[in-house]
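Chain lettering (A, B, C and D) follows the sequence in which the chains are written, and residue indices restart at 1 in each chain.
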Amino acid sequence: MTVSDLISQPLETIVDEIGGIYEHSPWVVETLFLKKETSKITTVSELAAGLKLIVNGASDDKKLKLLQAHPDLCEKVEAMKLLTVESQEEQSKSGLQSMKGEELDKFKSMNESYRAKFNFPFVLAVRNASKSTVLSALEGRLKNSSSQQEFMVALDQVHNIAWMRLLSKVNTDDAAGFLTCHVLDTASGIPAKKMKIVLTRLTPNESAGIIGEFVTNDDGRIEGGPALKGKDFIVGTYEWTFYAGDYFASRGQSMNGTPFLDIIPLRFGIDNPDDHYHVPLLVSPWGFSTYRGS
Amino acid sequence: MTVSDLISQPLETIVDEIGGIYEHSPWVVETLFLKKETSKITTVSELAAGLKLIVNGASDDKKLKLLQAHPDLCEKVEAMKLLTVESQEEQSKSGLQSMKGEELDKFKSMNESYRAKFNFPFVLAVRNASKSTVLSALEGRLKNSSSQQEFMVALDQVHNIAWMRLLSKVNTDDAAGFLTCHVLDTASGIPAKKMKIVLTRLTPNESAGIIGEFVTNDDGRIEGGPALKGKDFIVGTYEWTFYAGDYFASRGQSMNGTPFLDIIPLRFGIDNPDDHYHVPLLVSPWGFSTYRGS
Amino acid sequence: MTVSDLISQPLETIVDEIGGIYEHSPWVVETLFLKKETSKITTVSELAAGLKLIVNGASDDKKLKLLQAHPDLCEKVEAMKLLTVESQEEQSKSGLQSMKGEELDKFKSMNESYRAKFNFPFVLAVRNASKSTVLSALEGRLKNSSSQQEFMVALDQVHNIAWMRLLSKVNTDDAAGFLTCHVLDTASGIPAKKMKIVLTRLTPNESAGIIGEFVTNDDGRIEGGPALKGKDFIVGTYEWTFYAGDYFASRGQSMNGTPFLDIIPLRFGIDNPDDHYHVPLLVSPWGFSTYRGS
Amino acid sequence: MTVSDLISQPLETIVDEIGGIYEHSPWVVETLFLKKETSKITTVSELAAGLKLIVNGASDDKKLKLLQAHPDLCEKVEAMKLLTVESQEEQSKSGLQSMKGEELDKFKSMNESYRAKFNFPFVLAVRNASKSTVLSALEGRLKNSSSQQEFMVALDQVHNIAWMRLLSKVNTDDAAGFLTCHVLDTASGIPAKKMKIVLTRLTPNESAGIIGEFVTNDDGRIEGGPALKGKDFIVGTYEWTFYAGDYFASRGQSMNGTPFLDIIPLRFGIDNPDDHYHVPLLVSPWGFSTYRGS
């Protein structure tokens, strides 16, 4: 079901479908769709943004209730242990359920302190988070001296969870997002021509693998448009592999026997199927940089 | 045998040991050691630099002869085909000997054109070079419009080959080189504290594997000195793995469910056992850069 | 009066001296100094951090009152018009009082909308802010969809104002902060040796001027320690001038008649007399970067 | 006279016009125009590239003669002293003629050593070079251990001189070059919208001044095309001024009273009227980078 399909349904159906993306809080979806402006929504980003505005515009009390509606992470972990191994995997790749002894005690104690300090449970968008991410986040955020700031941080996670749930509910094969690249040779101040680049998808696991092999054109870009678009432009983790050493060798550039930079892996995530991700490489034989461009 | 051991030998022994690092040109080593200043040499870099100066100071004619003394890459490849598979592997990881048909014809033709154009064989330091590196280099350098410039490029490769051969002749376990890291959070303008970093050696194969796991201190550096030094500081290819996502999560920084940057692999080569390699990471949730620092 | 002098005074004197740095809110200073831990405070940063914690730990209601205690920016601007030109200058360099007609109307209207939307006046640390900064900030922050987030932003400004006021109350001539530099040649992967660098102070006006001329050493750093420290390490705006073109010319690097990079000005601000400011330059003939390092 | 006008002239006229751009070496221009392919030349870059190929393809002996045809810099400086002040300025902004005493002696001595070592005079494209640039270049290049490499460096300067002379001979008002900008907020991973940018020309003096004031659009670019093109796209030195502080203030970003980055000057040179100069800014509140893009 696309976003357009979804929003043309009666309110009841919409709430049935996506009312649960904000935990136990169908009012978020209801409030948005009781307004008239939803007809302008055509993409999943716009839908998410609309819902986010409803939450942000709600009273402090309502936001707090939304936060408090989230399950306690410790209890969730305990519950997970009762599930089959397969179900555990579906629930979480974080490996939290494998904690034991001292580590588990520390986790429980921090989790309790967090709730006591801030008056809401620790919320983290955990789908791809590892155990170390969860522990780092909990330990770091527990130290936040400003409860208002931590409230904002937690709400941000609530929005992330809602976003990931929403993405799993709608079909975004026709979304407008795409991936491009550009390689600049910063030692010579020119586009890096004829550099080989390989694009690999790392997650989600079921569609992981090499996606394509490209060669940069005279402007340092991939010929013939985006490296990824349409239904292949899947939310997940990717890696460019740049054959920078070959490029510098072809220019006769002075290089070491073991070059400082040769094959350069560059790992990045795509989170929004509606967005343009421009992920360039600025490279000399002695350094490189990258950034989310546009 | 360390460099100090080597240079205390009689000239004859020295030439026996390292006279061949410049192809069929023992005069390079002889000339250097007939001078008095060699007593100041204590490191492999100083020895290599001394030999390089001898070559650079020689007449154009002598340099040309040195270049011409190198075997033809095509003939070398043909010869390799006669060897056992094992020996081929020892000789080269480049896979050049696997070329067939059109690819082989193109390679041969370019190789011939190169020699005809520049009057010396195509020289490339191939130890870790792949077939695509060799072909890229040959194709690119064949186009060089200045034969003087190509002469310089080729000579640079001759020095690289000599350097790699020299490294295999002397023991550098006590060399002064070491590896350090520094992580800066450019979104917040502060050192990135408590970021997990893993260091892995990728090549040489026989000593590949995870070397260590570190956590940055309050200054964003690895506590307790270099990540690598002494006999572990081996010429080869390495990879830092930075757990940047965990770091940003611990700061409560707004992040996507699928963060743009999470686990960041950073691959780099160490070529000189005498040098300090400072390989830092400047990182925000939306971009990073690195460079060979000091 | 140094921070040590200050905190050794009776509470009454301390409140007399710095009680007003948080607008009409001497309770912040009082609360801190009624605690025992203040004896550990030795620097102005620690003092400011202690006060900030008091504010962040206060109830939402108390924080709101603190925000509301700030004067309305519009009224402040009107009042300023009644002052002599000299006093106006002392009050603000922002030129807000020069607004007229449509611009003034827009400012007033945005200012009113802001207060109506968020229930507290628009607060911005204006000492060195220009009119365009104030207008940009007001226009941008008025659009904030989350009143909690804007509350945090406003509180952040309150802390900035308190910090600037505190700095003007205490003597920081002996503070530990200092300024260092490092120049790396990213085209060659080496420290940039013998590059000329000039350091100029731009503000405050009364101590503006060239501070020193330096030449980088073999490690690309300024010889003999910090470029600035002690009583010369004044909060203000500075500019490095890097003679990068001369450096590349000395290396015989291929450069254009009109080089892309030649003399590179790099402007930055120092806000904290206790901090180490490391402001490096990573430069190739075709690009450069800088960052607040450590 | 445009390049098209020029190349449609009889050979004699062409040589009269531009035969002198390579010092005392009209054979370069003659050789090119005796070939048939010159009809394909339409731009000044193509003309310069064609001439460069002739030189690079000439014998070593001919190249050496070309180098040796250049006047000795010392003698040139002595001769300049006999000119009026006005003429001196026309000849050179480098201030070389103001050298006296020890400085002059050192210059003369290095200049002599250079010629003795390499067998050709020290050549540097000096139009905008300062005295310190000349001295840095001379001192650095004198140390070059490879005379072949120094030969290449010197030849590169010869090409630069020819290029600058050629530019002064032909009209490039219709050249295709243009200047663009792009501002990315690397702290937030988005284009920097509504940032004010001022473009100023610094040299040549006669057309120096503010060129325009721009505001970035939603994609972080300057609306309505290039900031500079056509006859305004003059070879010279420029400066972007980015109002980064105002931009961050409008986003409510946490900033210091004295921000680390506020107004950012970015100085760069344009050397080729046929080229696209993309000069972007990647900026967070704590660092920035720029590069010659495409």
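The working rule: a contact is a pair of C-beta atoms (placed from the backbone, for glycine too) under 8 Å apart; a residue touches a chain by one contact, two chains touch by 3 or more.
To keep track of the chains, here are their UniProt names: A, B, C, D = Parahox neighbor.
Since the structure is predicted, the reported quantities are computational estimates derived from the model, not experimental observations.
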{"item": "Matching chain pair for C-D (criterion: over half of the contact pairs shared, by residue number), options A-C, A-B or A-D", "value": "A-B"}
{"item": "Between B-D and B-C, the pair joined by more C-beta contacts", "value": "B-D"}
{"item": "Inter-chain centre distance, chain B versus chain D - centres from mean C-alpha coordinates, in Å", "value": "34"}
{"item": "Distance from chain B to chain A - Cα centre to Cα centre, in angstrom", "value": "36"}
{"item": "Chain centre separation in whole Å, for chain C relative to chain B (CA means)", "value": "44"}
{"item": "Junction residues of chain C - those touching two or more other chains", "value": "149, 186, 189, 260, 282, 286-287, 289, 291-292"}
{"item": "Residue ranges of chain C touching chain D (in the complex, touch as defined)", "value": "124-125, 127-130, 132-133, 136-137, 139-141, 144, 149-150, 153, 156, 160-161, 163-164, 194, 196, 235-237, 243, 245-247, 249-252, 254-265, 267-272, 282, 286-292"}
{"item": "Residues of chain B defined as touching chain C within the complex", "value": "184, 186, 189-191, 219-220, 282, 289, 291-294"}
{"item": "Residues of chain D defined as touching chain B within the complex", "value": "52-53, 56-57, 60, 63, 145-146, 148-149, 151-152, 155, 186-189, 260, 282, 284-287, 289"}
